[in-house]
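In what comes next, chain A is part of two complexes: it sits with chain B in the first one and with chain C in the second one.
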Partner chain A sequence: MSAAWKSAGLTYNRYLTIASRVVRRSLKDDKRLAAERRGESDLRFAKWENGKQGEAKSLNQANESGFAQAAQSS
Partner chain B sequence: MLSRAARPAFRVGAAALRPAPACSPLVAQTAGYATLREIEDRLKSIRNIEKITKTMKIVASTKLTRAQKAMNESRVYGETSQKTFEEAETKPIDGEGKKTLLVVCSSDKGLCGGIHSGMSRYVRRQLAAGNLPSDIDIAVLGEKCKAQLSRSNPKNMVLSFSGVGKAIPTFADATAIADQLCLLPTQYDSVKILYNKFVNATAYEPTIIEAFSEEAIKESANFSSFEIDDTVLPSLREYALANSLFWGLAEGHACEQSARRNAMDNASKNAGDMINKFQILFNRTRQAVITGELVEIITGAAASEN
Partner chain C sequence: MNAFRVARAARPAFNTLRAVQRRGYADVAADKIQLSLALPHQAIYKSQDVTQVNIPAESGEMGILASHVPAIEQLKPGLVEIIEEAGGSKQFFLSGGFATVQPGSKLSINAVEGYALEDFSAEAVKNQIAEAQKIAGGSGSEQDIAEAKIELEVLESLQAVLK
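This part shows the complex of A and B:
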């Protein structure tokens, strides 16, 4: 038995992020502003190969497109 | 003004009495004027530095209380997650041919003493002593340790993250990082998270927490008592990794703020010392210049009497 998000190619962490985002967005306005600040993440990452830094990319976008690809291929 | 008026008289008088060494006190005096101005400028700039460091200290203090609160909250996450593995008696798999990933939790910002270089040095020392395998892969969170480790161990680096430490780390950060680590092509048998453990407001030490691989969890002695389904095992592993990362990030952030507070405290104190020293020097020099002027006037008056 496997959950729907699993067969869609999401990791548990991604599933958590999306679920928590949905919960935060459905809060009332005053609470939502404070809660959404807790869900913010603005990281950039770069892959390294043979001691050289690659191009810096936004982490959230990379995760989203990465899982979109994984979902399409599976 | 008086001194300038008196100077020609002095020069004439002095030249009449002793022609050769007459110019030497004059040179010393003009030098005295210049240093007086220099000292004043210096004093002003040090005062400005003191103002800046004091402000930064206050900012760091306010941030520290919030960071400590976040740290205590995140510690609950991390410790609860770690408790599972303690109860299951999970041991990390070490040995030949096992790939290990080291995640170093630093941040983007400096001006906080040796907190980042302390961690980089710990990594280098452990590598040199052979406690960490030399083919270890390193993922770095934050610019500071990235710059330091990319100079000493560029071959080991696989991933670097920036944008860490602008604000209190969120769980969203931790999950995003954990996902990216899971997407790495290599399968790691053991993930070690290196962070600064918060001992008290002035002390911190680099510490490693283990995030176990699926195999390690499976092979743990007490694993059967948890009745974990094989299909949820990867999820558990990812979630545990995110929990540990969150813990490490939040605790590292609190350490950084307290280190910055201390660094700025010291900087303000040093600036205060320097201000005192320069103030005394300034007063002495000013006094010396006044005395010199008086001597000139008196000598000039005495010389023109004759």
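This part shows the complex of A and C:
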């Protein structure tokens, strides 16, 4: 039997991110405010082709659309 | 002169005492397990000797004592209970991760988030359950529903231990 998140096309990393996010949101206010900042990330990447930099994209957005595609195809 | 004689007489006793007390770097007392409980931002336990650790493994709840066979267990989001040397116990809710039992009574638990039960707000859990249930039963994308179901699993386990 494989886990529900796996059959939905999510990665283990994504599963852990969601589980930790919900744990942080369940904390009492003072701890929550300090903890929630840990869940934030902002990374950009660009693909280089023929020596030229492509468009810089947000990693989080690219991940979101990637997961959505994986969920549809599963 | 007299004091010198006393010191000499005391020395053999001192030597045997030291031999008994000396412990190698990696040794653990026979009936203890050396626990490291680490989060990316904090180490809750750093190679501390404890009596027993109960973990919510994916394959079922399990209690780990000294001299456990080496094992790697994936953890469900749930409660870890640590029975300390002095007899008291501590409970932490972990968001999921891995527990590794190494030879020589060593246990490493790695998780992304972990907090003591008193740090959680029952009200926040209740509100989030209502919200997640709405999404899980709604007509959102498959991914949204899958994510809401994961949230529900965590929240329900959290609500069960908060009671």
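In this section, the second predicted complex is superposed on the first by the 74 of 74 C-alpha atoms of A that agree within 3 Å, B and C clash if a C-alpha of one lies under 4 Å from a C-alpha of the other, contacts with A are read in each partner's own complex, and residues count from 1 in each chain.
Keep this in mind: contacts are C-beta pairs under 8 Å (C-beta built on N, C-alpha and C of every residue); 3 or more make two chains touch, one makes a residue touch a chain.
Bear in mind the structure is a predicted one, so any value in this text is a computation, not a measurement.
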- Which superposed partner A:L27 touches (first chain B, second chain C, both, neither): second
- Message: Touch test for A:R38: chain B only (first), chain C only (second), both, or neither?
- Response: both
- First, second, both or neither for A:N13, with chain B first and chain C second: first
- Message: Give me the intersection of chain A's contacts with chain B and its contacts with chain C, in residue numbers.
- Response: 16-17, 20, 38
- Note on the structure: Residue positions on chain B within touch of chain A in the complex are 150, 154-155, 157-164, 166-167, 170-173, 175-180, 182-183, 231, 234-236, 238-239, 242
- Task: Can you check the complex and tell me which residues of chain A touch chain B?
- Result: 1-2, 6, 11-14, 16-17, 20, 38-48, 50-53, 56, 59-60, 62-63, 66
- Query: Hey, which residues of chain A end up touching chain C in the complex?
  - Reply: 3-5, 8-10, 15-20, 22-29, 31-32, 35, 38, 67-68, 71-72
- Item | In the complex with chain A, residue positions of chain C that touch it | 40-41, 58, 77, 93, 95-97, 112-113, 115, 119-121, 124-125, 128, 141-143, 145-147, 149-151, 153-155, 158
